[in-house]
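Inspection log for the structure reproduced underneath, given as structure tokens.
Chain IDs A, B, C, D, E and F follow the sequence of writing; residue 1 opens each chain.
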Amino acid sequence: MAERIVVINPNCTQAVSAAIDAALQPWRMAGGPAIECVTLAEGPPGIETQAHVEQVVQPICRLVRARQDAGAFVIACFSDPGLHAAREVTARPVFGIAECGLLTALTLGERFGIVAILPSSLPRHLRYVRQLGLAGRFAGDLPLGLDVVELADEARAFERMVAVGARLKDDHGADVLVLGCAGMAQYRGALAAALGMPVVDPTQAAVTMAIGAVRQLHEGDG
Amino acid sequence: MAERIVVINPNCTQAVSAAIDAALQPWRMAGGPAIECVTLAEGPPGIETQAHVEQVVQPICRLVRARQDAGAFVIACFSDPGLHAAREVTARPVFGIAECGLLTALTLGERFGIVAILPSSLPRHLRYVRQLGLAGRFAGDLPLGLDVVELADEARAFERMVAVGARLKDDHGADVLVLGCAGMAQYRGALAAALGMPVVDPTQAAVTMAIGAVRQLHEGDG
Amino acid sequence: MAERIVVINPNCTQAVSAAIDAALQPWRMAGGPAIECVTLAEGPPGIETQAHVEQVVQPICRLVRARQDAGAFVIACFSDPGLHAAREVTARPVFGIAECGLLTALTLGERFGIVAILPSSLPRHLRYVRQLGLAGRFAGDLPLGLDVVELADEARAFERMVAVGARLKDDHGADVLVLGCAGMAQYRGALAAALGMPVVDPTQAAVTMAIGAVRQLHEGDG
Amino acid sequence: MAERIVVINPNCTQAVSAAIDAALQPWRMAGGPAIECVTLAEGPPGIETQAHVEQVVQPICRLVRARQDAGAFVIACFSDPGLHAAREVTARPVFGIAECGLLTALTLGERFGIVAILPSSLPRHLRYVRQLGLAGRFAGDLPLGLDVVELADEARAFERMVAVGARLKDDHGADVLVLGCAGMAQYRGALAAALGMPVVDPTQAAVTMAIGAVRQLHEGDG
Amino acid sequence: MAERIVVINPNCTQAVSAAIDAALQPWRMAGGPAIECVTLAEGPPGIETQAHVEQVVQPICRLVRARQDAGAFVIACFSDPGLHAAREVTARPVFGIAECGLLTALTLGERFGIVAILPSSLPRHLRYVRQLGLAGRFAGDLPLGLDVVELADEARAFERMVAVGARLKDDHGADVLVLGCAGMAQYRGALAAALGMPVVDPTQAAVTMAIGAVRQLHEGDG
Amino acid sequence: MAERIVVINPNCTQAVSAAIDAALQPWRMAGGPAIECVTLAEGPPGIETQAHVEQVVQPICRLVRARQDAGAFVIACFSDPGLHAAREVTARPVFGIAECGLLTALTLGERFGIVAILPSSLPRHLRYVRQLGLAGRFAGDLPLGLDVVELADEARAFERMVAVGARLKDDHGADVLVLGCAGMAQYRGALAAALGMPVVDPTQAAVTMAIGAVRQLHEGDG
């Protein structure tokens, strides 16, 4: 029985895959499913535009079709690229990190805020929140507004996350935050502590749900 | 000044493009914009799955980028494939036929029904109606449930449209219908007459809005 | 076949009708429908209160009934006075500029803002946005707050529009604006340029939809 | 201090006013406000179309302005004609029976059904339910579909009400009903008993709220 | 026939019951129902937490069951504790003050604001507004943020109410306020006057609806 | 570090706890958290009324407070009794099975149906779906309508589940089901197979989320 969760980083940046892999370490349990992070070779260095979102869909579907050994898949990009296309090409469950991150946030607060990287992602997030039917629980979405160099400076990046999170809390009424990117997990705990509110890493949320899906395959086992 | 509307049929079936072209004939006015229907060579014969929807996005974007002579674009597939990606690659307005068809329906009734071709499109339509924020005006969505051979039989196809439309009206409370496909325009008038309710052809709706956008370029003209 | 769109200015101020007429000039195309702007003699000088909205309903209905030569009607006041009453007295399509302006805005952005004239119109707009089922796409509504003398000063009026539009964008999250009055079309292009976001003139939006409706009458023509 | 509630029947049929008057008898208490039912001389025999709704607005406003002795007004027609216009011409509270009937229903069940007279009223009701922001609690709306002669036959009318109410309950999931007309109060109790579910007479609901508004004027009294 | 409304203060503080009793004095009319305020002996001194809300449910149900002489009940705490449980144990109508206060506010403005006592109540209020299906009319909810000593200083409390109400009006777009506590009725009129907008005392709103329910028992009387 | 999930069966029926315990067996992994099912001694034999829901809140809170050894709690009753009260008395995450079951269903379909036991639970479910802000994804809720003896007959119970699930699918448009009770897990797989659609056991969904919460405590571990 399939005992492996394949986490797909749809951009081609190995460092991002490595960061995701590290963030998922606690979700690897003896007796539990293997969790494998794979990098989509065909992906762009980062998913920043609607075109990026859509260009990775077919490669993701090919990868999903090829990995017959997987019990569940996670698409580790906050735009959930190819989520519904992938669900059509496999009978195994496929989880999107935005979907799972936002749904998990609903168990932790009344109104979620999203900490985004780029301003240009905001309309896409808005459309997705409405598509999910979750607009009634949405507080706001704010971008860090940092360029690549600034993002690479961890202290600077964290400082911005705290500032953006505080605005989501104070001005927009958010009482739980979701990190709007697969590559911010390392800041999750510190951000929650700094703001005094729960913060969800969406990849962890999706892998959690994938574990549940994989364990379901054991129902009826002695 | 750009005086041309490029209507993109994202499937590669010339007969569909020809049918679209014929349905748009009344929208061609001597002093109005040219309306050109193009077939996406890279498209599948029909857009039937989420994978089809996403595989045409990049070709659509390339086509949009290439057509600098266009004043506006219409994507003539009811899944509005690549709509937001295309909007990112051009400053000219891009219209999706589902978006325009549903919005136009709101001027003709309180609750719209969708006459779909395939049962498998229904979840995609549902997601899109929610994404557009129009769920409060949505009555229902029913598929014709005909295979390709049956669809080709016009009398049979029309008979099914009437039956499906009647169910949307009587059981789901629709008071306006939207044809859920670019290739059904030829039935629009007869279906409206048979059911006694307005029926929107989405490509006509989108081309109408595109004409408005193109005429806007003449503001301030003597 | 009826080839005329009758645009009804429901206030009795000829200068407003003239401004509307000028703004529609680009929508008059050789081979397309005639566009005729008429002033409602029975209307008040401006539609400023709920009572004004309702007192013009019967005169509008009489006018609609009398104009058998019209292929479509547009009611050119942002309160859409008498829209549903007029639809009951004619089989020809009737378009309200608020309805069409807001629907058209949905093709240009995620969340629309309304640039209103008077603070007292805001509750009426709120009710209408809810009635249309579009509250999930609504960002905000702000009045210019200028008196008649100030409005007549074009530079002053435009300055206020820019300030109000900027607040709708920055504080309310609007990414598309709708002009909340039939008489502001002359500022549309400049306002869009000044704010760097699309701006919809609602009368142009409604006339566009009316052209589509009138062209539909030619379906099946050679 | 004003101690009188003026209930306006906006149609000119005295028999309807008399029926309303009788239905309100229990709301007349020795120490409570006077409740006076007046017939709008300018009204049509019945409010059946959108045009009827709007033609009574100005007469209602005139009546409201004239009755300086009233502490509160109730507009006793389920289309709430002129409600917002009347609120602009008086500082005294004005209640619409549809508004109050639907709001009161929310205290008695999860999802309300409306028992309408005419099929043609349904779109108007739908628009109003959305305008009120109550669509999330709306189960359905069904017309009796009786002509005037049949309605006058009380046994026949009641039989239809029971049938329509049962369909709203069983097929649409309503667990509370609102009578969609000012003239059905006499059937309220029997209908509730026959269906085993609460039934709201909207005029009684509105007069109840008007009593509350009038008593508020006594706050601070010894 | 039962002619008594029992108003239950679910906290054990007699002074609160006395304040409620005083605020209801104008609702006592000759010929109308008796209005009796009772203090829940088992309640905490104040309902401040979700645990408080739930611990009073069973005592409220016992009290409701015991009072066979009541024609209607009002639960006078803005968390509407035990509302649905109480409705299960009696055939008589039971009204919650939050429910009735919010519904009544909808007759007085487009978007309601809530003046809360404690910041910790806000998530509970948010859940309740959504549960009622009224989120589309909700403007905001702000706490006074005063401790018990400060609340006891009437001038200080009123000053804070005005400040909080002004923020709800100016920053959140509220045009009607609801007092978020049973013990603030004494400030209602002055707050409305200071802010120039309607203010609803929820206990008065609920007792009003209870009077309507009790009078309904007299339908068909001579 | 706390490595134990305490699953609280809030009714006092040991057989239900045993069934829950068995259904969770696959979620117990060698390196994962312990999963302990406890029976609430103070609970009624079954949670069937709103009063039952509320009477277990305080015992649940006491139990939560007492179990300092737990890393997360699951309240295993589909009414999520005491969920928000329990969250106030512990810093550890508390999951309700209805909340988690419904949220998990959103990853598996567009519109969820609920298979309920008792007709009397439906209004409570409706209120909860609205409270969660998930009404836009809700298809329907149908009760099995079996008495205790019939429920005990497994073949009979399963037959009814299939019939009810088929109605939710065919008549209400559900494409994913949630079992509306903690005690139906044994039927999950067979029901999904019989209906050809995903079925969520809510307790499994909640324990999955609890595992995620507990693993989060290991972030930053070597």
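Convention: contacts are C-beta pairs under 8 Å (C-beta built on N, C-alpha and C of every residue); 3 or more make two chains touch, one makes a residue touch a chain.
The structure displayed is predicted, hence computed values, not measured ones.
Centroid distances from subunit B, each centroid being the mean of CA atoms, peak for E.
Annotation: the subunit A:subunit F pair of sequence copies touches via predominantly the same residues, more than half of the used numbers being shared. Listed candidates were A-B, A-E or A-F; the one reproducing the B-C interface, defined as more than half of contact pairs identical by residue number, is A-F.
A straight line joining the Cα centres of subunit B and subunit E is 51 Å long.
If you average the CA atoms of subunit E and of subunit F, the two centres end up 33 Å from each other.
Centre-to-centre spacing of subunit A and subunit C amounts to 43 Å, using the average Cα coordinate of each chain. Subunit A has residues 123, 127, 130, 132-133, 135-136 in contact with two or more other chains.
Contacts between chains form some other arrangement here, matching none of path, ring, star or all-to-all. Within the complex, the subunit B residues that touch subunit A are 49-51, 53-55, 57-58, 61, 82, 84-85, 87-89, 123-124, 127-128, 130-133, 135. Touching subunit C in their complex are the following residues of subunit E: 109-111, 136, 175. On the subunit A side of its complex with subunit C, the touching residues are 123, 126-127, 130, 135. Within the complex formed with subunit A, the subunit F residues making contact are 23, 25-27, 29-32, 93, 95, 99-100, 103-104, 106-108, 132-134, 136-137, 188-189, 204-205, 207-209, 211-212, 215-221.
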